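Below are two complexes that have chain A in common, paired first with chain B and then with chain C.
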Partner chain A sequence: MKSPPPTAGTFVSLAIVVIALAGLGYLMPGLSRTVIESFIYATLVVGLGVFVGNTGIVSFGHASFAMIGAYGAAWFTCCEGMRQVFLPGLPDIIAAINLPLPVAALVGMGIAAVVAMFAGAVLLRLNGVAASIGLLSFLFMVKTIYENWDGWTSGQSSLVGLPMEVGIAQAAAGLIFVLCLALIYQGSASGLLVRAAREDEVASRSAGVRVWRERLICFTLSAAITALGGVMFAHYLGSISVVQFWLDLTFLTLAMLVVGGRNTITGAVVGALVITSLRDGLRTLENGVPTPFGIAEIPEGVQEIALALLLLVVLVARPRGITGGREFNFFR
Partner chain B sequence: MNLLSVKGLSVRYGPIIAVRHLDLDVDVGEIVCLVGPNGAGKSSSTLAIAGALLPSAGTIHLDGKDIARQPAERLAMAGVSLVPEGRRIFGRMTVQDNLIAACLPGRRPFDDPEIFSLFPILRERMGQFAGLLSGGEQQQLAIARAMLRKPRLMIVDEPSLGLSPRFVDIVFGALRQLRNQGVSLLVVEQSARRALGLADRIYLMRSGEVVMTGRSGSLAQDPEFEAAYFGKEAAR
Partner chain C sequence: MNLVQLLVDSLALGSQYSLVALGIGLIFGVMRMINFAQGDLITFGAYMLVVPTVSDVAPPMIAALPTPLLIAATIAVVALAALLTERLAFRSVRRKGADGPTLLITSFAIGYFIQSVILFLNTGRPKSVSILPELSQQIVFAGVRVALVDLVTIIASLGLLLTVGLFLNRTRGGIALRAAAEDFLMARLIGVKADRVIAVAFLVSGALAGAVTLMFVAKTGVLDFRMGVPLAIAGFVATVIGGMGSLTGAVLGGFALGLASTLLQSLLPPDLRPARDAFLYGLVILVLLVRPQGLFVFGPGRERV
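Let's turn to the complex of A and B:
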């Protein structure tokens, strides 16, 4: 049998893993929450990884795109008839439209992509650490805007009443969709050129690579993918608030990416699965698990410490992440 | 006929002047070497000419058109290829992807038979990560990548740096072959002896300025050339 091109092989391999985990979630209802959350985190981290892995620029700004996507979709799905009560600033035309979740998700992704295109046009003229700090400033700006844009976001309070339509199947479908997008990009001409610029900017420019343009394409796609993660998060929890998309999420997703391996899509997925499972396991223990010998319990806060330790161990022992910089592929 | 004509080029890094009023020409189909000791301003000059560094003063004309403030990627499309110092290949990409990356802008075919006849080793290494190649192989890859752009002017910064004599011969042989095909080359070289063997004309730089220039044949006979290289008062 002729082996398929590597990105196709990786896509099929990862999709099989996702479907297998989804099946596990259905068979063992106790695990379904962990499965859904890990799929959602994986979507967010794949979005982050498309940018960080291919450009080599660490982004502290991607949580903004999850938020922009989540609110963008919520404007079209939220609160049956009560929408303008919660969001009095919404124009009548938006308030009157109820979109099914997949369509609303595409709208959220589109809004995030447009914002990314404008923000990236400015920020991506910076390089390396300067770009990372520029993206952090972007995170602060977007957060402040959304916190004070009461009529559209209900400001500092939560927006509740979103349809909780994201279950195992929807989360798996969303993740598989973004894996497809991310791997198509990985194998594309733009993906190759942006990685050449990551390796050596001067040499790539001298080969004719328009670095800024290729980075902007990469940034826009990664923002759209991250936005879908935000949409899924919102419609899994049923409510959103600005603080959900703040520094905790920024550093959690970055930790997932680093632990899994930042230069590969497989790394993004593995990091999200491993850390979500670890966190959920420890959270269960923090709440106490009854055993025949009494209640097994660990002090609160252990999950944060365990996450930090895991991050340190990976950085020291496997600086390229658990996956070691390789894409997963059954067909190789 | 001048392909490249540089007049009064100055490059500064903040208060430090790296290049002062450089005048330099490269004719069609000749190899011009910039020679000089460390810190003479050779690399800064080539980076400025290739558009990777903004000059503080001066004009740079390619075929009569002013290119002094054009970015490197536009110059690459106009036929200027830079092989930067230190074999800056794309290390975590395969040899093949290195070559493809050079061909995508402008959509050129990447498996040019000429490249592989000059550098047969690259064909054997196609699937390997470029960062795992030996120094000499990396330099061949860097030059192959620049050749794929079919440049009219190729700027090569210290191609012999850290290479064994055998690889220097391979690389210099390729540069001569390019010249014979009508490509103009501006080559930075630290060793005066190697430059004399390669170049048609030489510019000798010291402390940011050209101190001597002439055809290799005549400079090779000139006792003052060596003295100027080492900065001694010209011996009489």
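Let's turn to the complex of A and C:
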């Protein structure tokens, strides 16, 4: 299970693909929704992949960070003038500040990173499966808190009126930004050490790797990246609710990561692109497509079953994902 | 709240949790895998009680059978479904020498698959079903009125735990299972058949899931395509705080979680009660922090290499 060394080449190659897809989205307006959504999912999955790929710990808690980031940014962008009507608990200072989206996104990422640092300090003392379950407990905890924190989150109802500023260009910029972060981390000393601990924790410990510390760095970064995905999601849809960041998103992002290949950044991006396209295709079919032979239509709900089956087939036939554990690079 | 009432409530909840935890623990023992699908098997059993339909009112299917048959059929159907997940999915992944994370994600995918199929056939709207109506009455026990279904749940669970305990300690198959859980490779070398012992683990664990289905539905009477998820989560948490790999620990962990949950429900101030789960899982993380090897594991907490 050896990951190739990360290179600037991978970054440039992936960035070119992203820009090409963005261009395609501009040329064919029918595809623009799929392109934007796949970029946003790719951002979320890169965030998840930075942690899962480098540490080898499956995380069921990352959807929380997307939520924390999304709400964190929304506190500064939502519904100008009406903010304290929707969120009566928000202090006057926050309610008075309106930030442009990129700055609000950084605030959301920062909040998620701080939460991740504290949560990770506790959770990453656990190993392997126990850590996965700990992260799942974390997901439940954060969800319950946000659902009952009415004054700041409008509880179980959704918060509407966010500026819908995320289009193709913004989504592409966000994705390229996180690709850069993720690949820099992968090539950094901490990235190498945390992967050493993934391969053999005992051996790396005995060679002096402070596993907990390196994992915490990795976790914090991955939470910040995931948070940006959440912020983009919120400002693409224009509304957020707690259930958007729940088990469905957890499953979907994990499926994307595994189908693409969970040890590489390329895998995260490819998985997100492939599964978003597939889902959009099936969704179109569920709504019915006119053909010369009548309307082609599949029953609603096939999409979820197909996704679960695809994931199972990939797990059985190609456990290292479509990309087979190699980073994509034009210049090799 | 009365002490007896509190005890009955926490034991009833704890015994459901501990049955789920035991089911998860058995499979963890032989495969080193947390089975996410355990909760969805419970859901599957519950939906087999009624005829699958997209309309809001579902006619009874297994639920129409007389009580002994109803119990037997539910347990058998869920046990078979568990066996099927092993035969169709886990076995192929396992044969490829998959690592821990791959197995974990496989079980997650199977759970999601079961949910999606149930959603597809029954829609996401909750449905109601009534089974074992004779249990829905209150009786006076030790001077307090308690729900009969809670008492029956406790007694049936203790009976099941005892049965599984006897099976594991007194029968050839059970001893093979424990040997495999101790050291899978070594057990194979002395003649334990890998496929069979894993199949047995899935069968027993499925039967336990079927029993939980009956207890849960008899108490709530509501079907939802995600009803098993919170139970499975409670089961994972119980196995982890009880100590991974220890079956006794899993069972005790289940009871501990039931007790903590009931205590929080009655001790928290009313305006914080909706957020009870946040406190519960916070407590769990605290336990993990203090005793990462589990509450009920004594000796070295780290695996030997």
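As a convention for this text, the second predicted complex is superposed on the first by the 326 of 332 C-alpha atoms of A that agree within 3 Å, B and C clash if a C-alpha of one lies under 4 Å from a C-alpha of the other, contacts with A are read in each partner's own complex, and residues count from 1 in each chain.
Throughout what follows, a contact is a pair of C-beta atoms (placed from the backbone, for glycine too) under 8 Å apart; a residue touches a chain by one contact, two chains touch by 3 or more.
Predicted, not measured: the structure shown is a model, and the values here were computed from it.
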Item to check | First, second, both or neither for A:208, with chain B first and chain C second | outcome: first
Next on the checklist: With both complexes superposed on chain A, which partner does A:263 reach: first (chain B), second (chain C), both or neither?
Outcome noted: first
Checklist entry - Touching A:189, do we find chain B (first), chain C (second), both, or neither? => result first
Item to check | Which of chain B and chain C A:123 touches, first, second, both or neither | outcome: second
Checklist entry - In the superposed arrangement, does A:140 touch chain B (first), chain C (second), both or neither? => result second
Checklist entry - Touching A:52, do we find chain B (first), chain C (second), both, or neither? => result second
Next on the checklist: For A:296 in the superposed arrangement: first (chain B), second (chain C), both or neither?
Outcome noted: neither
Item to check | First, second, both or neither for A:247, with chain B first and chain C second | outcome: second
Item to check | chain B/chain C common contact set on chain A | outcome: 202
Item to check | Residues of chain B that touch chain A when the two form their complex | outcome: 47, 50-52, 71-73, 75-77, 81-84, 88-93, 97-98, 100-102, 104-106, 142, 145-146, 149
Next on the checklist: Residue numbers of chain A touching chain B in their complex, please.
Outcome noted: 189, 192-193, 195-196, 199-200, 202-211, 263
Next on the checklist: Help me check something: in the complex, which residues belonging to chain C touch chain A?
Outcome noted: 28, 32, 34, 89, 92-93, 96, 98, 100-102, 104-106, 108-110, 112-113, 115-117, 119-120, 226, 229, 233, 236-237, 239-240, 244, 274-278, 281-282, 284-285, 288-289, 292, 305
Checklist outcome for this item: Counting only contacts in the complex, chain A reaches chain C at residues 52, 56-58, 122-123, 125-130, 132-134, 136-138, 140-141, 144-145, 147-148, 202, 247, 251, 254-255, 258, 262, 299, 301-302, 304-305, 307-309, 311-312, 315-316, 319
